[in-house]
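Below you'll find the structure, written out as structure tokens, and then a few comments.
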Amino acid sequence: MQRRGFLKFALGGTVGLAASPAIWTTLYDLAYWTQNWGWIPRLQNGEDLSVATVSKLDGTPLKVRVVDGRVINTSGNKDNAYSAGGLTPLAASEAQLLYAESRIKRPLKRGPDGGYAYTSWEDAESILKKKTRNAQGSLAFLTSDSSSSLNDIFSAFTAENGSRDFFFMPSDEQAAAVAWNTVGGSGSLGYDIANSDCILAVGANFMDSWGTVAHNRAVFKETHPTGENAEQAIYYAGAMQNNTAVVADTWLPVKPGTEEIFLGAVLSELIKNNIMADSSLSALASRYSIEEAGKACGTDTEQMKKLVSALKNANRPLVFAGTTEGQSLGSTVHMLAIAINAVLGRINQDGGMVALPEREPLLPSAQRYSDIFARNFVAYSMQIANGMANAPKLLFINDANPVYALSKDAQVKECLAKIDYTVCFAAHWNETCAECDLVLPAAHGLERFDDVYTPYGSGNINWTLAKPVTAPRYQARPVGELILALADELGLSLGVNDIPSLLEMRANALHADFKEYLESGDTYQEAFHDFSVPTLNFMPLHSKQAKAPLSEIALHTYINSAAGNPSTGIPPYANRAITEYQLQDGLCVAQMNKATAQKLGLADKQKAVLETKNGSMPVLVRFYEGVMPDVVAVMAGLGHTGFDRFSVNKGNNILEITQIDMEAGSDLPVWLSAVNVVKG
Amino acid sequence: MDYSKPIDNALFPKGCERCSFTQFSLFMLIPTALLIWGVIAAFVVLYQGLGTTGLDDKFGFGLWITLDLAVIALGAGAFFTGLLRYILNIDELKNIVSFTAVVGFLCYTGAMLILVLDIGQPIRAWFGYWYPNVHSMLTEVIFCITCYCIVLIIEYIPLILEQRLFEKNTFIQHLAHNFHVYMPLFAGIGAFLSTFHQGSLGGMYGVLFGRPYIFRDGFFIWPWTFFLYLLSAVSAGPMFSVLMVTLMEKITSKKLVSWKIKQLMGKIGGTMLIVYTIGKFLDSYAWVNDILPRSGLTFEQMFTGFVYSSVWFYAEHIALVIGIVCMALPALRKIPAFFYLGCFVTCFSIVLNRFVMTVQALGIPVMPFEEWRWYWANWAEWGAFALVLGYAIITIAVTYRYCPLFPQEAELNKK
Amino acid sequence: MAHFKDFAVRYGMVIDLDKCTGCGACMMSCQAENNVAPQEDAGNKLRALNWLKVYRLSNNKEYPEHETVFLPRPCMQCGNPSCVTVCPVVATDKNEEGGIVSQVTPRCIGCRYCMASCPYHARYFNWFDPYWPGDLKEALSPDVSTRPRGVVEKCSFCHQRLMKAKDKAIANGEDPLALPEEAYQTACTEACPNGAIVFGDLNNPEHRVYELKQSPYAFRLLERLGTDPQVYYMSKREWVRRLGDNYLGHEETGSPERVLLNNSH
Amino acid sequence: MEDKSKEVKPAKKCCGCGFGPFLVGLVLALVIGWSVIPAIKLEEKKQPIQFNHVVHIENAGMACEECHFIREDGSFNGLPNTASCAACHEEAVSESAEEKRFIDEYVKKGREIRNEWLVYQKQPDNVFFSHAVHSLERCANCHTEFETTQQFCNICHLDVASTTTPPVYKENRISTYSVNTMKMPECEACHANPGHYGTTNASNACFVCHK
């Protein structure tokens, strides 16, 4: 065919196509195609529900959004007066933790080669049964969450098996309980933060990681209305400008390890300012002075004087002590805090330190908290590791991660190695699982019945119910049910058949409507009523030798509450909430002020090595003038080896090389580390 | 068949000598290597996403945008020479106009190659036409650049048509002829389009009032910035072409364009440079004394360290002065050393300008509690540059070898 | 410079910096609400995709005079957004009642011109395809479309919540343009346990923000640039307010001698 | 070669072949453009259950609103879920094979029919369509041409009320959208109409429809 003929044909074709919709519609189709990439997940609609429950991570009342049976996200429960709808960063990641890769899918059994292999529940249960039988009388149980009523089942189970070795992980709560006990207090110690008009928190990072955080912050919200004057003064004493310090009216720098001297000085200054106190306390107070404290604690004496007069002139002052990462300072500081509240006449007062009625065990053989707190796991672990005590035949670890959370001093690994058989119940694969013989998939907090009963830091008796918003995923099972089933198998009767009925027993004990609270997710609160002032005996304090302050540079470990806890690892979204001042280039950041750095001969953003008695780890130096002199601040909660991609390869675990000493007398663990940072 | 000549000599432009095919092939290995590096980089970027570059949320613009702006300025020789040759009928320029066209073509197609990598969704690039935002300077740039690219292709075609291969083919001869007839029209269109996008490239930065380092307003955005960018292009463009010619002369060890023509180009560029420099100094003055204080910032706050030091700011201006001295004073211009120095520093100043306007402008902390941030282009970004470089060298080498790129070459190199 | 119409409803925030502990609850709930893909390594903060980012501010004094403040930074939803006019494909715009700057990612070509223009760094780029490992995609909300690689995204004041609130109002025969404050709150506002964030219609006297924004302690970030943000901050501390904008040494906080652009409400 | 070039040189008058080739090309292209290409672009899909509207409306006397209604919170219950079907279809109420299959496959297995049903007007993830706002009550203020809600719904939706088996679902292979899905220009027919603004607030702003 001739060229021109063809050209005409082509021309005709072009005109024809142009006159048809084909090209234009296809262009549009292409436009739409470029807008919906096939490999990006599509959205799924469905029945959209909002279910009320409570976070088992930190007791924050929740509204969980469930779409078509899938848990979408968690938000605060606005209808809940106790939290006023607030949401903590940790509770905000419940949904992601529920679906996390680190969830344990099926029972795991450690083989002779030390490797883990999946096994069936039938097998796992028969092992549990056999081991428990053989362990007769030599069973130990470790758990971390002291607020759950399910502890009655666990402690009862332990007791029914002829053992009393039921432990909680070390905590401020334990230290305070021991202190309260020592000075002759009855019931459990509470802090009526809601009704106080002037708070002195020593160490306790109560706006972020100490006590009933959601409630504490709801109180802050109420007492600090935006654009108006605050109705509550907050004094925070600690080594660093942390989350609490930045919103406190005054930050008083106190070097780690000198909290006792600081509180003593406050006590003596109060008495100097003619606050009535009994002879025993005056005598005690004479040991301390503001001047001395100024030197030892590094606190400005003028500031301390201001603080004291503020406490003196306040209507409802409240003083309490604690730690930032919820570990223990020993009992002395708590006794001193109690003493100060006592001289201020703040024991069993509105907005003061209150003696809450001790929780009555729901089950006949369940152990009393006062007894449980009398034993501490760190000491236990050390003794077993050193062969000073007989290792139990069987150890149950529920929702706790001692291998990660406790330092080398506690010798947890050695302890576990000495125990014939160790069983770990966990929702997520953690460092402790990797040391146990049998690892069982536990139901996540949103998959089970549970409750939060008067958690440490409460100022009244309060109670919130947790209910499953979705069926347990994979092969996970609620540990409570599991233990009940096991007890049943072994022919032990714990006095309850299932978890809901246990929780109902709690409800009845409180005269609360179980169904109603289950439905509403509301928090039952019992106004504090027993205002009778107890007579306390502070003589035990006299026998205490004031701890000598560290001459060297002290380590201050703190946590970023968004970044999870030892049982959760770092939640998927938390990576963005971990700041450059906490983790950078895969290194833990050691924050210190310029003066300290110069002392150590370090420059800003310099790679260095942090050393304690227990070892060393690489860090990145960052200057931060919000850290007091002679203190190095490092974030705890990094350097995981368990969990999933969001937790691993992120810095090192500072907790591993922190130093634990035993407090004379109480034998409680005290976290205090001298630290050195050298050029790396 | 004359075996003393390269095997492909039948294809050489009339009366021109070329090196042996082997030698040519060996030379081509260099750009080919660059090309391969570039292709790998491009593949990685397109396949895995822009995370494979050194860019981040603070430096959304980096090396690539800098290069785009630079080459488009340097490629301006094309439209400007075309304008002078075809519209203003400065006839001597016919000896270099087709070369400038090729340089321009390479600069623009190169820039577009990089842009395709630079945008996160290349496959949506055409949205610029489908759903345009008439307020956006970028829309205007996209529009003009793509259109002008077509013009450059049209300007390139005749060169190919004049290949010896098609000597006998009368149809193509006619076509070539017609192209030449209509070239003034295309030159006109080209000049029109370029004028606009060269200007709006400046506007692109001038409108960013969130970036006090590059923001201009009122008189200093229109017409000032607009013409500044245009002038910077038309002064650097011709000089860049001259530099390229000279570079090729060095490589081929032949005279390709007469010194007279080069001088003419330099003179033209020099004249433009004077106007640009005056404008630039006024602009900088206005920026320091008006824009900055109004933003609550000081001159010192705009600079830090070495990469962001004020050295570059001063260097950019000083280079312009040197350029003027070399190009505007006939006495100096006639001395090759000064002439080429002048050309070089001018291009240097323009490229530097595009760099600070892009990278430094983004590195500066605008929120007082921010820190300075640094940006380093990584292998993938340099790879894209290599891609363009390799592609350009290959194209120009082949064009030179087989097409009558330099009308003067034959008689300039008579034995 | 294009001019934006005055809206009858202008949603905005007043964030009390004296009440922010910097805990990050807002950041966490924001990500869950808006289907932001988790990031395995968010160590490089210039690559960490935060619609809402919490900055740590310092008064730059040495111990013991040093003070710290945390500043949450959502998108400012500027009255005169620098990002909107520059977008070549109208992927972002400010044209709906409420004055929220919209970002439609399926339209975005990823040129990042808007990011270069935003002085608040409120815009983020998807450097890689989003990835929800394991079963995490189960938790995707049906209300916010997922974004592929190569597009820019940013805070939208959880406008999906506004859409729902409007629907509810319509279904109950109420005026969708006069929503009560509690009918529409962003995820971060609800999350903050300290109530540091107050959210509402800046034009509506019945909403708290209306009064709060007029407080002598209220200020906006980089006001003198003329972006006219719909997000206000509050602090009783002068150094904090001064850090909110660039001031020449002699200028008084809150009252610069000259401004770059003047389009304030 | 030679003669052709001769033929070319004058290059003014057309060669002998006339308009034939042009017409052939034109017709061919029109056929392809109008029928062939649209046809191959579409993929036909079948609904999971051959639902019979007529039976439910006429025999069972159900009203549209019993299954398709706006919820309290303003969201739209477009499709009934298995549970609500099971209210009647716990056990078979007819001899229909499809009903039996529905009961066995969905009701008994607790499978959610709503998640499998192909929605003819399905909008992509980035679109938020509010049924609450597009109601007859609101539009009837000006648009008096609609008597019944059903009529009104059929502006966008297929009139399925009179079907005994669901219409075939046609999906565009390129865009993966249903052919019946409204595209933005169709939405803009109303939204970009200045006449609407003020009376309905139906602005054409991005965030009116996009999410």
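The first chain written gets the first letter, and so on, giving A, B, C and D; residue counts start at 1 in each chain.
Note that in this section a residue touches a chain if its C-beta (ideal position, glycine included) is under 8 Å from a C-beta of that chain, and two chains touch if they have at least 3 such contacts.
The chain list, named the UniProt way, goes like this: B = Polysulfide reductase NrfD; C = 4Fe-4S dicluster domain-containing protein; D = Cytochrome c3 family protein.
Only a predicted model underlies this, so the values are computations on that prediction, with no experimental measurement involved.
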Practice task
Just knock out chain A conceptually, keep positions unchanged, and give the connected chain sets.
Solution key: one piece
Exercise for the section: Enter the minimum step count from chain C to chain D (Cytochrome c3 family protein); a value of 1 means the two chains touch. Expected result: 1
Problem - A-D or A-C - the one linked by more C-beta pairs in contact - result: A-C
Completion exercise
By Cα-centroid distance to the whole-protein Cα centroid, the innermost chain is C
Fill in the blank from the handout: Chain centres computed over CA atoms; the one at greatest distance from chain A is chain B
Exercise for the section: Would you mind pulling out the distance in Å between where the CA atoms of chain A average out and where those of chain C do? Expected result: 31
Problem - Length of the line joining the C-alpha centres of chain B (Polysulfide reductase NrfD) and chain D (Cytochrome c3 family protein), rounded to whole Å - result: 50
Problem - Approximate Å spacing (C-alpha centroids) for the pair chain A, chain B (Polysulfide reductase NrfD) - result: 61
Practice task
Among the residues of chain B (Polysulfide reductase NrfD), pick out those that touch two or more other chains and give their numbers.
Solution key: 121, 124, 127, 130
Problem - Where chain C touches two or more other chains at once, by residue number - result: 48-49, 58, 90, 106-107, 129, 143-146, 148
Exercise for the section: Give me the residues of chain D (Cytochrome c3 family protein) that touch two or more other chains. Expected result: 75, 124-126
Exercise for the section: Show which residues of chain A lie in contact with chain D (Cytochrome c3 family protein) when the two form their complex. Expected result: 1-2, 4-6, 8-17, 19-23, 25-26, 28-30, 32-33, 35-36, 38, 42-44, 46-48, 68
Completion exercise
Contacts from chain D (Cytochrome c3 family protein) onto chain C in the complex sit at residues 70-75, 124-126, 128, 130, 132-133, 201, 203-208, 210-211
Exercise for the section: Show which residues of chain C lie in contact with chain D (Cytochrome c3 family protein) when the two form their complex. Expected result: 90, 93, 95-98, 100, 102, 104-106, 143-146, 156, 159-160, 163-164, 166-172, 176-177
Exercise for the section: Going by the contact rule at the top, pick out the chain C residues touching chain B (Polysulfide reductase NrfD) in the complex. Expected result: 1-2, 44, 46-49, 55, 57-58, 71, 82, 85-90, 107-113, 115-121, 123-129, 148-152, 221-222, 224-227, 242-248, 251, 256-261
Practice task
Report the residues of chain C in contact with chain A in the complex, numbered from low to high.
Solution key: 14, 16, 18-25, 27-29, 31-33, 36, 38-43, 45, 48-50, 54, 56, 58, 61-64, 66-70, 106-107, 129-130, 132-148, 187, 190-196, 198, 208, 211-212, 215, 217, 234
